[in-house]
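Residue numbering begins at 1 within each chain, and the chains themselves are lettered A, B, C and D in the order written.
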Amino acid sequence: MVNPIYIIAVLLGIGFILPLTEKKLSKLGPWVFYAGMIFTALVSYQWFRFFIVSGGETYHIFTAGVKPPLSINLQIGLFESVLLFVTNLTGLAGAVYMTKQISETGVRAMVLLLLLLLGLNGLILTRDIFNLFVFMEITAISTYSLIGMDVKSRSLSAGFKYMTAGGLASAFLLLGIIIVYSLTGTLNLDGMIRSAEGIKNVKLLSIGSMMILFSFIIEAKQFPANGWALDVYEGTKPGVAGLISGIGTTAVFFGFYKIMPLFTNETLKIVMWAGLITFFFSNLMGMKQENVKRMLGYSSVAQTGLVISVSAWSFMLGNDKLIFPMIVLPLLFNHFFTKTGLFWIAGLVKKDTTGLWGSITENKILHGIFIILILALSGFPPFPGFWGKWNLVLAMSLDSNFFYIWVLLAGSLFEAAYLLKWAGITLKKDKSKDILEYNSYKMLALQIVVLIFFAVTVYYFMTGNFDHTNGGLHFYLPFALGTGLLLLPFIPEKLKGMISMSVIAVYAFYFLPDQNGIGRFFNAMFLSGGFFLTFATLNRKDRSRSFYPLLMLMLGSLIALVNSDNILHFFFSWEIMTLSSYFLIHRGKGSAEESFRYVMFSLAGAFLMLLGFAYSFPNLNGQMSFGIFAVPGQFTSLSFILISIGFLVKSAALGLHLWIAGSYAKAEDDTSAFLSALLSKAGIFGFVMLLLAMGAPSAGKFDLAYILSWIGALTALIGTMMAIYEEDAKRLLAYSSMGQVGYIILGLAIMSGLGWTAALFQMVNHFLIKGILFLAIAGVIYRTGTSEMYKMGGLIKKMPWSFTAVMFGIIAISGVPPLTGFGAKWLMYEALIEKGWYLQTGMAFFASTVAFLYCFRLIHAIFLGQPKTEFRNVKEAPAWFLIPQYVFIMAIFFFSIFPRVLIDRISAAVEPFFGKSLTWDGNTVISSLGYWNATAVMTIVGVVFVVLAIGLFIKLPKVQKVKQFNIVFAAERPETPELTHFAYEFFRPYRRAMGWMVRPYATRFWRSVTESAYTVSDALRKIYTGNGQTYIFHILLVLVILFYISTGVK
Amino acid sequence: MEEMIERIKLKFNAKDINRQKATLVFFSVEKKDLEACVLYMKEFEGYSNLTMISATDWIETGTFGLTYHLHNYKNRTDVGIKTYIDRKNPSMVSINTLWAGARVFERELKEMFGIDFPGCPRVDDPFALEGWDNLPPMRKDFDTVKYSEETYFPRPGRSTKDNVTQMEEKLYAVEAEVKKGIAKTVRKNK
Amino acid sequence: MTMIGEENKNEKKNFDTELFCDAVPKEVPRINGIIQKFYDWAQANSLWILAFGTGCGSIEMRPLYTARYDISRFGMAPRPTPRQSNLFIISGYASVKTLKRIVRSYEQMQNPKFVMGLGSCTVNGGMYWDSYNTINRLDHYIPVDTYVAGCMPRPEALIAGFEDLKKRIKEGRAEGANEYAKNFEWYKANQKKVIKDWDMPDYNW
Amino acid sequence: MENFWTTLLYAFISMFIIFNYGMVLGGVVYKIIARVHGRFGPPVWQPYINLVKVMGVRTAISHGIMFWLGPVFRFTGGIGLFLFMPVLFGVPWMQNFSFSGDLLLVIYFIFFGQLGMALGAAESGHPYSPMGIMRGLSQVTASEVPFALAVIALAAQHGTLSITEIVAAQQGGIANWNIVTNPVATLAGMMAFLGMMMHAPFNLHIAPQEIPIGPPTEYQSNFLSYMQANRAFFASAKLILFMNLFFGGATNIPVLVGKTFSLYMITVFIGVVNPRFTLENSIRWFIRIPTVTGIIAVLIYTF
């Protein structure tokens, strides 16, 4: 074991030797420098190994062989070793990154880097408060020198601002040390903490600790005393900025962390809220930011604030030993690696504006790293940030600190907003050329950091409080498949699709029989739907590496969602689903804005859901099972509402539906089918789980299920209403989907056996129909190249199979007997009338008749009417699209003739919860109100139809087949098919009469919400004027405020 | 009205001033002045309505006479602005930019007289005659009876009983005789 | 413009065969016997008039539907689409431009179809006999079952004409559609003689 | 269903009766309209003559397979609607196939023929067809709202959706009819009835002056004969539905004729003396007065 003091010694030594021998050993200099760096890394690795693997005891080092208070002591324990290791390794990587700069600048840069590293190592190791001060000074001096090394006015001004702020911080720290020392009589931290308890002059001590606190608040760049830091991040070269943001803040934080035990609970509370405020406001301000480095600066400040806040809270609870590894470290690592990595990526790109980052895709590896880092920073699973936040939220809920969670999640949403927007830009095709500044050293350094980050991620994934035994293979396999495909980019696309299909099939074959109840029902839908819809994607010709992996991840997350047996599994799958579907939607043409809207709505929903979980979490003393919802708690109805909003967002309920049309329409055509047929069912599944677990609580006087029923009914009506005015086939279907899902919500809200049977029947129906319709439309768009309905027309002659599919689809969706749609409607109305919700019944009925309008429009504008000259030579849609459609049609016919097969299974799943609601007499299903014999209906209709058709065939004289212009056109010759095809603004008179129903209130509301958020962000940002004096004023302001808060105004 | 006529005389050198009624005047201007004159009448004299554009085939002098009938809603007066264009190469400036309604008249004149109005939209589209391939039918040298007999399968045995002959033969035989006698006398004296 | 010219050169027909059906009409023979009689009787008692006033004479058709004359007594009614009507009344003079529309509408009617010429103009041109733009004899362009002469004939005269037409139908002599199919080329030649910009197929289905 | 063949035979008998009834009813209506206009009008058997006439048409044209199938859909919708409805209460041979489903089936089956016909007519490529369909469909969506509310009120009143049971509950004199026991729902239902019968003032979809007879512009020959025959079934079936729902049903044919005839006369008389609504007006009218009436009818049973 090499004593860690040698780290300091070696760094210091090399730092002295290099300038002295600059002339003589000029060639050897860099080698010595790197050797020193490697040495420190190795030593820290040794300690790291010692503590992690062997589980050694905390080790104290006493300088000069004397015990404190006489000597300075260093301490290396588990946490120190971990931090030391990552710091030194990253320091080494940083040195590699800056190779070019170092070789240009020579010894000076090396020395400064060594000193910086020395300071940081010292900050981590030392247990002596004055020593801490010294190391902080070393860090600060080396940092401003590093900043100023790049001799530009911006850097120099940034360095100067840093120096001013740092000077203030040092002054306060020194003052504080003096006061505390005068009281405790020791400089050793442990000694101070021990003796602080017995101090009589509490007031003086608190002033002393307050001084120290001031200093660290400045050093840790807390809001709003952090204007200088943002200028530093913006003005510095990315290599240095990465080091400052990554290891710099980490070490300063750790120093702060060490002093925290000194503080009283009141002080800690201030620190905690100050940190949270920093997190919230920095992220809010980041939203409007377009300069990459400054944006990262905001994020960096925010993350530091969060970590500090959590640490302060952990000391308040007195639970720091548990919270540090569970929450603080993952958050810290997440910040550390992603920020370092992103800064360094920024160093590889010439442009500073986020909007110009499009062509980062030129380098696939770099782009992949970039996306992964962004996702990790936004707190998506499976990265450490996710675990940190998850644990934090749950722990906070146990502490009943719900306001904290609200603010935390709001801040996280802002952060995700600007980060995902940035990521979204790079995923789009519109590229400005040649912005990459490729440098193999930089890449190497980046890869080192990312590799460590992967290791950390894997570690947290394995040890995070994820119950690995319980979920088992069911849970992991789908994710594994998606990830596996992602890591195998060389496999041809078609093969990937086939692999996906076969895995789905195998999975269904082995695991479906084991399941039971409603879950099996959902899984059967997801698996069969996934199988056949994936079949349709085999038609693709473009070579896109990421499509199948993302698709599999989405399907996998849906299946995992169904299989999840605790809230963590649920939320994990939910987040992966959101993420994968976001990227899938983002692949479509011109979808940047729409997919962003989708992901923001989904994330907000997910965060509200998480809040809902948090409100229920304390019910069972920290168990994560769904049982928490069954136990009546203080916040049951609030929890229900919050979680419901999460699900309502996914189901695009009225008011939360803004994303649906755009994202369904802009996603690739075969992807839309997945979104509508499968993904929209995720929210439904959530409701099923929630309502089963929680029942339908009432909030005050209001029965929440009743409110839910109105939401469902209104969604059904307004969704349908909006569908009829759309010109774009996919937007029309999207709104149709919204309306249909509204029915399902309505059915679930009934909370009776019949209602749930209706809802689930409707769900299967909707799944089959939307599969057919979206695929058929995808086929049409594939052939014609447009999704504007009025541009098509008369395609029945060219695409008879697609036409037939759409025809059956619309007959089924509109609820006309004899197809399944009627079954769903029948069950729904029986259930609603049975329940006594007559007005909702009327509304649902209205919606179902309005559905005829868009159904007719869809089929007429595309397939009937006048064929256009430009589509004279289109062919039938590819068989890849048609085969799944006809499989679904066969299923529809089967369920139409024998609905008992389906209803019996649904009833079996629902009966345990609600009892028996339907009886059978042969093929007649009998409810408490009425009866329905689907087989008889089908037979009668079929026989009459066939008899009449044959009759017409016999009776009709020789029929002359005529062509499109052989119409009675008031004895005129039709001019062009375009002018003869009545399809554009088809329902204009209806809009004049009923348009008031679809006025965009929701759109206006959300627009005003986002605009005000951006406005606030922009306005707040203006406090950072770039003027050093303003920054000093901010700092002083913070000091005054903190002073008054901590002491109280007397 | 008189003042207006004076102004027109002065500005456009109007000739052939024919004051038919207190509220109706005809005058003629040069072909080159016509557009300016019409514009002037519209913008400054208040003749905001183009009632119609008519044409006359002066086959003897080899010209087409065009008359632009304008109406003033304020003082309820009408003017007819005449101009004469060459019959061999009939072309006239289009005033469709002043009145969109002029398009119809110009299109009709193009069809019926063969007068071209370059720049007028759809001026070459058929108006009443679809696929006409003969002389413009309103020209005096077009023989409509001959054309009808050649084209439209006249039904044999058709006899005309127009009102004049009918009346002369059946009701006023004596008067008709007198009339014929006078005509004979006059012709003889000539 | 040159592009269009070239295309026209290659394509002999002056209409798009993808847009129009260019089949020619065929004669449909009468079935002999009682069924045909029955059908004839029904046709005679259910005359649906194509509501297409081709000329000034159509003003005389309006009173027919009023309480004073009331042709609905005979099962007659106006019908706005040629597909469903079986009686075409050419009401007065027919200019060449209108003739084109008359021919199209006539061809769009289904086989037992009857034509009544209303007014002298349809007989021999009437007062427009020497017009450059008005046809003289309607029966050179489409087969006519009955003429009602006069300028204008009164509604009573029209009703008398209907009675005459019904008699013809019941006797099985009103086979204008078959006659048109049989002498299709003659009719078409006559039509094309006056309608010079024929841009559709010969028969408008 | 104890004897399939008997059921079938009975169905044929009732279909025969109702077909003739529907045809004569049409004729009578023509006659009445004419009398209101002060005319003699056609003979009452004129619909038969028209039917024979279109059947005797010798040629036909078709725009495609869906055009061809449209009338078949339409006629199936009419016959099916009739077959799913019990015609006479307590008369076994007039129950048709009403064991197949309840009121909801009947209501939704109304759309079957309309949808099929719409598809067929739209394939003709004539712009007036979709225009007429658009108008018809738009109006149907509005008129169905009060109807649905009335039906819901009835279901709430009687606790059943079976037509037979609703009729059974109304037996025993006028005092038990729904028009007496549930006047608000009846009012809403009858206002919706005006729209559903598509007579003036709610016949914009066929507006002959603007869009010559709307959807079936291109139909002729035997296609038309199916549509004419369907009209007899469809109108009668709708009348029987309303009679069953609000006016106590019928136990024998004279009562059936009397009630349905009187019902039909309501629309006829209203239609004869009223001009035609524009689409916006008729939709607005339906979602105001009738819908509010329907909501009141429903609210009575909610609270």
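Assume a residue touches a chain if its C-beta (ideal position, glycine included) is under 8 Å from a C-beta of that chain, and two chains touch if they have at least 3 such contacts.
In this text, all values refer to a predicted model and were calculated from it rather than measured experimentally.
The most distant chain from chain D, with centres taken as the mean of CA atoms, is B. For this pair, chain A with chain C, the centres built from the Cα atoms lie 72 Å apart. Distance between chain C and chain D, defined via averaged C-alpha coordinates, is recorded as 36 Å. Chain A and chain D have Cα centroids separated by 54 Å. If you average the Cα atoms of chain A and of chain B, the two centres end up 81 Å apart. Under the contact definition stated at the top, not a single residue of chain B touches 2 or more other chains. Contacts with at least two other chains are made by residues 55, 57-61, 212, 217-218, 221 of chain D.
In chain A, 957, 960-962, 964-966, 968 are the positions where the chain touches two or more neighbouring chains simultaneously. Applying the touch criterion to all chain pairs gives A-C, A-D, B-C, C-D.
Of all the residues in chain D, the ones that touch chain C in their complex are 30, 34, 37-43, 46, 49-50, 52-61, 208, 212-213, 216-221, 224. Note for the complex: chain C touches chain A at residues 18-21, 23, 28, 52, 81-83, 101-102, 104-105, 108, 199-200, 204-205.
Contact residues on chain C toward chain D in their complex (touch as defined above): 28, 38-40, 42-43, 45-46, 51, 66-67, 70, 72-75, 77, 79-81, 83-84, 86, 110-112, 177, 205. The touching residues of chain A, counted against chain D in their complex, run 794, 796-797, 800, 803, 807, 810-811, 814-817, 822, 825-826, 829-830, 833, 836, 838-839, 841-842, 845-846, 849-850, 852-853, 855-856, 859-860, 864-866, 924, 929-933, 936-937, 940-941, 944-945, 948-949, 952, 955-962, 964-969, 980-983, 986-987, 989-990, 992-994. Contact residues of chain A toward chain C in the complex are 869, 872, 957, 960-966, 968, 971-973, 977.
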